[in-house]
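Two complexes come next, and they have one chain in common, chain A, joined by chain B in the first and chain C in the second.
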Partner chain A sequence: MEHSIIRVENLSVCYHSEKRRTRAVNKVSFNLDRGSSLGIIGESGSGKTSIALAMMGLLKKVATVDGQVYYEDKELNSLAEKERNLYRWGKIAIVFQNSLDVLNPVLTVHEQILECLLRHTVLTGPAADEKVVQLLELVGLKAGWNMHYPHQLSGGMRQRVLLAMALSCDPEILIVDEPTTALDAMAKDEIVRLLVKLHREKKFALLVISHEMQIISRLASRVMVMYGGHIVEEGLTKDVLKNPLHTYTRGLIQSSPAINPYRDLWGIPGEAEQNNPEGCPFYDRCNQKILECQAKLPLLEYISLERRVACNRGGITTLLTGRELHKSFVFKGKTIKACDNCDLTIRSGEVVVLIGESGSGKTTLASILAGVSTPDEGEVLFEGEKIKGNSATSRKNGLQIVFQDPFTATNEHLSIAQVVKEPLDILKLGTKDEKLNNVRQALQDVQLPSDDEFINKKCHCLSGGQRQRVALARSLVMEPKLLIADEISSMLDPSTQANVLRLLKGLQNTRGFAMLFITHDLALARKIADRVYVMYNGKIIEHGSAVEVFDSPKESYTNKLVDNLL
Partner chain B sequence: MKYVKHIMIGIKRLTVLGKIGLGVVLMVLFLAVFSDWLALHPYSIPSGDALEAPGAGHWLGTDDLGIDIWAQICFGARISILVGFGTALLAGIGGSIIGIFSGYSGGLTDKLVMRLTDLVIVLPDLPMMIVLGAFFGPSVRNIIIVLALFSWTIPTRIVRSKVLSVKQEKYVEAAMSYGAGFWHLTLRHFLPNILPLVMVSVIRLTSRAIVAEASLAFLGLGDPISKSWGLILNHAINFKGIYFTDYWKWWVVSPITAIMLLVTAIAFISRDMERIINTKA
Partner chain C sequence: MNKSSSILKKASEYLLTFLVILTLNFFIPRLMPGDPFIFLSSSEGQVTITYSEEQIAKYKAYYGLDKPMIVQYTSYLANLLQGNIGYSIYYNNSVLSVIGKRVIWTVSIVLAAIFISCLIGTVLGSLSAWYRNGTFDKVLYSFIIAISEIPAFLIGIMFLFILAAKLGWFPLSGGIKTFANYSNSVEKITDILHHAFLPVLTLSIVRLGEFYLLSRNSMIAVLTKDYMRTARAKGLHNKRIIFRHALKNALLPIVTRVFLSLGAVFSGAILVENVFNYPGVGRLMREAVMVRDYVLIQGIFLFVAVTVLTMNLLADIIYRRLDPRVN
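Take a look at the complex of A and B:
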């Protein structure tokens, strides 16, 4: 605490217009050490900028600001405007979001910066002029530009001018609000590099606000994730990126193309709309919500060193755990180890890909995990309960498996409605009409027609891709939390395969179920995987996040696989 | 109407021989049902002179007691059809149920059932049937039961092997993962798969049963009051010196022709059915 240069406690910001009050920031606390860096990330409208403005004391007129902001030991919010001005800019400076109207259009660059110097420092006359040139040099802007007007500058240059203004009084804290929005890749990179350099040289504390993960990851050593005015996760940037523990953080990371170079992009489904102040702000969009989340606001709590998460379920939950699974078959006196000491975990809402060549034991492992076959040793836990037989598959919100061959996965003698309805029939879920509605909904979800004529067709009239989708619909009526997809696309032609996979991934994204995708196709795996397990000769030889495994495989076998792909 | 259409389509897929077979079977069925009107004379009491040759009054002549042979053939058709289809249905349905059960349960039950079928197959049926026929006493019901006892193994083995293979299908695995029990699996998944096979084997059993009944009757172990085709033959053969006279030309030939016609016709149908089922619908 003694190193903290700024400490924010229970900061709340509430905007009030005539009709309604909008809570933008909700009891946020954090502190910033001298010379350190902190990033705040979140979607637009999550309250990031409001925090910055509140710290600067710029919100008094339009909003109610509660809570304390301490600079060293001085509480800033209670200070009068005049005293406050001493700190503002002199000690705490802000680089506003880049836009044309942040700068005064009738003043030249030189005049703008000069104005700051004259107002906040003791410099006057030629000394001030010289300082302006120094500052412009510092931010990498050639001296010739200082007589230009803001509209004559490019976006990157304007950003530099803003930075120069902020640095004019050698602040101890620099708040950078969206430093790179609307800049092209080159300009972005230059600004980020400039910020890194200045941070190193000037030793100010840096607070970066951005919605871009890669900016934060380069500028800040710690990161806070904001959602709906709440901090939902906090930790070291490296850790958070590698292993996000809040479903929202994970969604953000997955939406970032810079961090996921291979995978298709999928945003977080739904809109950020907070309708229940008592409950978890992320309730509507979360894929692992429970009843409790609706009524209870989760607090930011430490779950490991340097890591805090605000989630009623303690972060992303583990759905399925396979522990030390062994299974061997005996053929003609020869023992074949199909599964040799396999450990595997699947967390809620993630896509885990199991890669391996044929005969490596993937399908055996999948059938053990689904409870279809029993392991010789080891155990499988689904949501903490041991799987016995069909205990996880014979219920709603459980586990479902989709098989490789669509032709044997659906009975060709039955009609489509009968096939999709089968689990509901067996488990006697709902009335006749409810069942039929579920069936139609599931068929619509997998983009098949749901009219009477179609659902009364026999399955043998359908193509492979259609039958695979019917099989998928049968799994979906059970609203699974985990879907095991065993080579579901290997028997389909490339176009159908692409359609089925996009469909599946889309469903996975909107419904939020977790998926274990088993394949031998590396290119395919790279498109959808969050995490990857590599299986070889019945052993899991490597596992890790998709980027780790594909970019820097540890095992020679994985290396070979990746090399063959390229 | 839908079913009529289905049946029409089914008939169209039969070969010419199959169609003829179907015609013959239908004709025999017609004979059996309307024998009261088709037979001009009673089948059990004399209606003319003994051993009359076929002519206007008695189309197929008369036997040694002067009983009209056409009437006997007509009424005998009832017995043949009853025994044939009765046995086939009993053995077909019973055998299928045992087969499904055996294939579904597997393990010890399956082994026991399979050894039992082996036992029944190894037993020579005709001598066994003679013994049983003699033991239970001759009546149509007993004959059906005895014949069924010796024919259930065929559908059982066919059905069991089909169930075993269907059980490997992923959709059964999926259904079981939802907690499906024996009845659900049987009605939803096994029956549609085994029904065609059972149908073929039922048709085959029918002709087998007809021949077996005729043999039993021929040997004098049939129902003596039932007047089946086998019994007509039995009487004819027992008539001393029948081959020295011309009487065999109508007395022996007509029941044999009836039996052969019916059995051949059924064989044609079953051959066609097999072809239709094997070339996927």
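Take a look at the complex of A and C:
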């Protein structure tokens, strides 16, 4: 770490007001090399700005700051204000979040930049005045603007002034806090371009703080994800974006419309309020939490060369793995390969879409994965255990499958209560009352009535959409971790299909179960897919994140599918 | 709104205010019981000689007081337009020169008091803000709130009692020694300052709370602003942060208040001048009221009103100069 220009070690920030203490930053460590870039991303209130303020030493009055900030080998937090001032701006400068008050309203732009030069550089007199004008030109503001007052500038211009001011003394480290808030799309783009250009030219180490993933992805090569004052994931930006390993990071990325142009927007459920100070900060909102997470604070640990994740489960877990699956049928002496060497993984909490035309082998693959049929070769692992028969489906928190045709999947002579309760009956889970409660809850979840009159109706009284929801409710009583939905909407009219799908996606989002959604409908797939597998003639020909596959398909078949859509 | 129309609007606002003041100014003295001729040839407060009905009628006719109110009012306005503010009935002199002789005394103590209270108040207020919620702030805050609740005349009487009467450090009354012969001007100035000390001190103490609270609040608000954090981040010297960044912003409301408070200080001066028997406009006003010298009362009111309005106007102008956000 000798060449790191700045090192932050075990930095903690604790704000104390009369009523309560708030831990905003919790033992954060990182370092920055000369000319490198690092982003910090997180929701508002996650502690990003507190890190920046602590690095500048601006929290002395309002908060307790623990830990060390080293500039080269000099520890800054232990310095007296006077000495620390020599590092401020000259070595470490900051572009504060843009607000009307961030510049002094009664001083001209010129004076506010000039005072930095006079304080930290050797420039004086006309040379310093000249430098102010040059700095403003550097950030794209014409001469003349320097004599204006802050309130006479637009938001974009103010951002440029802030940038010019921060760069005035050629700092070696530049901290940029939310550089694009309150800017419109055009101004945003210009500021980001400007930052990229200046970073390339001036070679300062750049620390970007933002809650917008696309800003970070354009400015920082490495990224740290913050939640509740903790770093939960750290790695190369492009890797993290492509393959987030913490459930929070994934939620964050999925909430970004710029990164997910097709998918419907679903935020991370729950509020960022930490209720268990000892445990994992993300416990309340995590979809793969286990008992251990409530009491144990996970440490940020390397899980690959460039990636660190703070998760008791080592990051997003893999739920289901299908390895080298083969299945053939012999029909009139002809062998049909329905599944030809198929590999597939599904991780917790994600929506995987398996797309392909009819006859491509999707349903065969689904039934192998669910353990309904056995593969000729290969194996399926569910949570690390090999699936044999109904080993994964015949238990709570396991795997459930919903089929295409609700009319054959639910017995029309049974009552709704009987259908939904059946798995609980077979597995003898709970007392009579508990089972009934589970049934009612599941029916409410799928937005069906749960009164006695309704649940005692026979299934044949229901419409297709209702029958499909009953089938769905039957899966949900088992509280599955993975739901396989095989063309569940193909037999429904468009409006019912939209309702059922939104319901399903909503349930998936709040409950956090993973889903394998099998369809031939690409338009539909784009609305919900996190990752996509494309199947053709029994083979999986392409897979990747939804954006990759839909934006730049590699296979000509996929290309054709996407083109047909347009 | 463009500049000329906003000036026009401002001007008409001031004109309207001025007219209302003139009208009140005319009617209020005339609503008081009694009239000038009861007091004309008596010493202050004592009725010794009475005029006959005939004489009073004659005087009333002479001063135009026998005419209907509305006629008196219009002629008053007409005279004002010509710059003639009247002739004092009691002092037998033009109102302008009667006030003129007194005004310098009042203006001196008022300005001195404002200067002192503003300076000390701002410094203490800023310190209080800087050490907010500390012992210094808490003690000072309670102390200043307490003394600013004491009425001006009470403070004045207290000083008069202790410092002037008991200890004899200061003269009991007046603005200057009567019948004194000064060998040089330094001696004269010292004497005037000696006389002015207690009135100025009293007035300053009365105004101190206002400036203290204002500057404390203003500074507290400024200290939490984002631009103060920016200034600290820039590693500037503390001196520059406090004086250039904080005080320049915090002073804005204080400067305005200096001008706006002149009116209030004048009314304070009336009480204080009477306590110390100081020869200023305040005492003149009391005398004028005692003898129902309508013309003089009007003149003094007019003078005070014009002063206050001018100060308001100045406050407006200066605020515009200081704060670039007000165009």
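Keep this in mind: the second predicted complex is superposed on the first by the 566 of 566 C-alpha atoms of A that agree within 3 Å, B and C clash if a C-alpha of one lies under 4 Å from a C-alpha of the other, contacts with A are read in each partner's own complex, and residues count from 1 in each chain.
Just so we're on the same page, a residue touches a chain if its C-beta (ideal position, glycine included) is under 8 Å from a C-beta of that chain, and two chains touch if they have at least 3 such contacts.
The model shown is predicted, which means the values in this text are computed figures rather than measured ones.
Applying the stated clash criterion after superposition on chain A shows that chain B and chain C can sit side by side. In the superposed pair of complexes, A:Leu429 makes contact with neither chain B nor chain C. With chain A as the corner point and C-alpha centres for all three chains, the angle toward chain B and chain C works out to 130 degrees, nearest 10. Contact with neither chain B nor chain C is seen for A:Ala187 once the two complexes are overlaid on the shared chain.
When the two complexes are overlaid on their common chain A, residue A:Met491 makes contact with neither chain B nor chain C. After overlaying the two complexes on the shared chain, residue contacts for A:Gly371 are found with chain B alone; chain C is out of touch.
In the superposition on chain A, A:Leu236 makes contact with neither chain B nor chain C. Of the two partner chains placed by the overlay, neither chain B nor chain C lies in contact with A:Leu79. Touch criterion met: A:Gln418 reaches chain B, while chain C stays clear of it.
Of all Cα pairs linking chain B with chain C in the superposition, the shortest spans 62 Å.
No residue of chain A is contacted both by chain B in one complex and by chain C in the other. Chain A meets chain C in the complex at residues 53, 56, 58, 81, 84-90, 93-94, 96, 99, 101-108, 115-116, 119-120, 149, 151-152, 165.
The part of chain B that touches chain A in the complex is made up of residues 169-171, 173-180, 184, 188-189, 192-193, 281.
Touching chain A in their complex are the following residues of chain C: 225-227, 229-238, 240, 244-245, 248-249, 252, 322-325.
By the touch criterion stated above, chain A contacts chain B in their complex at residues 370-372, 390, 393-394, 401, 403, 405, 408-411, 413-414, 418-419, 422-423, 425-427, 460, 471, 474, 478.
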